[in-house]
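I've put the structures underneath this note.
Two complexes, one shared chain (chain A), two partners (chain B, chain C).
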Partner chain A sequence: MHMHKFEKAWLIFGIGSLLVFLTVLGVSAFYLGNQPPSCLATIDPEKVDTTVPFNEPGLKKVEGKDWDYELVYVASAFSYSPAEVEVPYGAKVKIIATTKDVVHGFEVAGSNINMMLEPGYISEHVTTFDKTGEYLIVCNEYCGVGHHMMSSKIKVVE
Partner chain B sequence: MFNPSAKLKVDPRDAKLAMAHFFVAFTALAIGGLAGLLQTLVRSGKFELPAGIGYYQILTVHGVVLGLVLTTFFIMGFQLAATSKTSGTFTNKQRITGWIGFWLMTAGTVLAAVMILLNEATVLYTFYAPLQAHALYYIGLTLVIVGSWIDGAAIIMKYAEWRRKNPGQPSPLLTFMSLVNTMMWIVATIGVASTVLFQLLPWSLGFVETVNIGVSRTLFWYFGHPLVYFWLLPAYMAWYVVIPKVIGGKIFSDSLARLSFILFLLFSIPVGFHHQLMEPGIDPAWKFLQVILTFLVVIPSLMTAFSLFATFENFGRSKGATGLFGWVKKLPWGDARFVVPFIGMVAFIPAGAGGIVNASHQMNQVVHNTIWVTGHFHLTVATSVVLTFFGVSYWLIPHLTGRTLTKAMNKLGIIQAVIWSIGMTFMSGAMHAVGLLGAPRRSSYSEYGGAPQAAEWIPYQVAQAIGGSILFIGIILMIYIFINLAFFAPKGEQEFPVGEAADEAEKAPMVFENWKLWLGITVVLILFAYTIPFIDLIQNAPPGAKGYKLW
Partner chain C sequence: MAKTELSRKTKTEIKASSSLKGTLASVFLLGFFLIITWVGVYLLFISRF
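For the complex of A and B:
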């Protein structure tokens, strides 16, 4: 089996670009810490309301951690608790969320905050709110007849 | 390659089997296309579904009927015809196997369709446990898959017979490719069959109360990504083998075509985590490993692109073309059998680029479950693959029915593809753009309580409806052409184009036919990519999830 010299050149160039590309992704993931949300903690989906921190959804100031606030969400068909929250501008926030029933999405539209909420699992993402304004949270995973009504709001204020 | 078993014409008995598949496939196209049109209209905000029909019910119809039924039936019909053509007529036993497969798939389709129409299964084709559909829906889809295995068994039996009768010879290229795709399909569907049979079915029947969501989703996506290669590889069969003959050129290289199919077999399956990048419960290092494996299909894709354009250029130059791009003018721009799949090839360039974004470990976060993804696969499967299938139909249907593609139908075929491209540019373009702004996929029309961000999305949704309406005109045209070619076109001989390799003298290395080796590596790669994270999902599983019917 022989390969045309142009095809060899084409493949060397292509595979070379691929290696560069994957290296960039790898450095970003493992050196800069840009990993997709992959929290490994679990929870009993029947007991979400009585399990810390989900017994008190909303924004809470924390001390001695890498982030200033924790923002806790409980999703269920077809709403999020809290339905609206104000976050101070520039705050570093850990979002912690789970679902009480079926699979839901958690997407802050127009941002990089995007994660799946699955019954039994906790999803987390750390972010800094460095732009003021009102952000819409939408459920982006089909969850039933009211899926497109399921939303929440984050207001980033000075 | 010298191939004594290649037939001038597919035997009428085999033709009947293939045509049975195409009747179901094009019925699915009509129903699924109508569902798609309704979805885009609803989402424009200017139209509501009558008679209490739900948006998500229509969405389930669209996904199941086009994603599973149209594709699987068309592909099996095409592969059966291609195998019969290149390896010889099926024996009675092989053909009966094919018919059993066909009827099982059809029965399963009807069962699943009835459950969807009764609104007992509005869970989309991706299942989404713990949403719980009626058990008969799961049984129906299982029959579709088991039927496709039996259908595929006919191809495997024919291949084995050919090899027995031609020791030491590489199998005919189209048979080889059909076989690779069939084996990839069987290995991949084990995942979805497992979650349905061992998890969802017992749970929907009430034998067990809860289901492990992480395991179910992982088994589904173990199948969900190779599924897209199962759609793509038959298009590649047409691009590699049929198109060169249609334009009057040669296959660039028989061996390299085989190598690229083997690479697709190896790297299509151990990659499902890139659909689960945003999910909890899976360690990011394992996600990254599967991201790397995902990107390895870039290599056979680059090989394919090179081969196709080398074939085009060699052909043009053999016709006296000069200059860097002079060969472009020599291509048969009036032949639907070439032009329609060619548009599909061109669409694959932006489609592939979008796919690279989706599979990128971090960039996925921007687009995951936004309608960008819907825009992406309407370029890959609903343009590249589907236009190629249409282009194949223009010669294969009349070949099988003993009719010919008339000049008028040829022209209509080209017009169809142009309409399709215009419609898709509107629809897929708008989906990509508004997806970047955050508009979610699989969602009905919503103003999200008057949120300003959601208001920005609405003009794009109107553009999607315009595109969807243009595409529906394309579907009506395609159905019209299909009916013409199946029943009304003039009787005659329509060629089944099978290209010859430019490197005719060079026999393909026999190592490509060593299935112990290739299936062995496939299994090793799958075990490598999945064993540890899968054990994790079971050992560290949370309490199971109860079923919900929220529609």
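For the complex of A and C:
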């Protein structure tokens, strides 16, 4: 098959970039363990208040895990519990969140933490808070008349 | 009497070797633009917590 040499160059470049992108994706998923926030963990949405760990929302220190703290959130129309939380600077935290009623969003503005909270599912995100400051949590899935009032706050303190 | 056109064969001239340098340059410009924007977004993702 005759092919112009420029065409060959372009095809090699295109297929090469595709392989690089797929490798980055594969390393991220299978070596670094990145996964979607809601990954097969389920809960009975009627019994959120009595189910561990959602019976006690807030920051808790944990031992013997890959992370130092667990930060538990329960979302409901139109608020988050807890409404404000202080996280020590540099702490590795697993955020665990769910909703009691409808679909809510969970976005920590200006960070990579951005999850959808669906009734019946638990959403999780592990992160290290390595910048001090106040971070606003907002709901970014329209959930009803009070949607725009729905927020919470994370304070990262030394 | 006029001849019918059906039986007459016409030859179209094909110009050999027109330059494809401009095509190559523009397609690589697009390629590098895509890669630079992709890497930019990826670095932003890596740098935030």
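The rule we apply is simple: the second predicted complex is superposed on the first by the 145 of 158 C-alpha atoms of A that agree within 3 Å, B and C clash if a C-alpha of one lies under 4 Å from a C-alpha of the other, contacts with A are read in each partner's own complex, and residues count from 1 in each chain.
Here is the rule we use: contacts are C-beta pairs under 8 Å (C-beta built on N, C-alpha and C of every residue); 3 or more make two chains touch, one makes a residue touch a chain.
Just so it is clear, the structure is predicted and the values come from calculations on it, not from any experiment.
Once the two complexes are overlaid on the shared chain, A:29 sits against chain B while remaining clear of chain C.
When the two complexes are overlaid on their common chain A, residue A:55 makes contact with neither chain B nor chain C.
Within the superposed three-chain arrangement, the count of touched residues of chain A is higher for B, of the candidates chain B and chain C.
Using the contact criterion defined above for the overlaid structures, shared-chain residue A:115 touches chain B, although it does not reach chain C. Touch criterion met: A:14 reaches chain B and chain C at once. When the two structures are aligned on the shared chain, A:4 is found in touch with chain B and with chain C. After overlaying the two complexes on the shared chain, residue contacts for A:129 are found with chain C alone; chain B is out of touch. According to the touch criterion, the shared surface of chain A, contacted by chain B in one complex and chain C in the other, consists of residues 4, 6, 10, 14, 21, 110-113.
On the chain A side of its complex with chain B, the touching residues are 1-4, 6-7, 10-11, 14-15, 18, 21-22, 25-26, 28-30, 34-46, 77, 101-103, 105, 107-123, 134-136, 138-149, 151, 153. In the complex of the two chains, the chain C residues touching chain A come out as 20-21, 23-24, 27-28, 31, 34-35, 38, 42, 45, 48-49.
Residues of chain A touching chain C in their complex: 4, 6, 9-10, 13-14, 17, 21, 24, 110-113, 127-131.
Taken in their complex, chain B has these residues touching chain A: 54-56, 59, 122, 124, 128-131, 213-214, 217, 253, 255-256, 259, 276-284, 287-288, 291-292, 295, 298-299, 302-303, 306-307, 310, 356, 360-362, 364-366, 368-370, 437-446, 448-449, 451-454, 503, 506, 508-509, 540-545, 548, 550-551.
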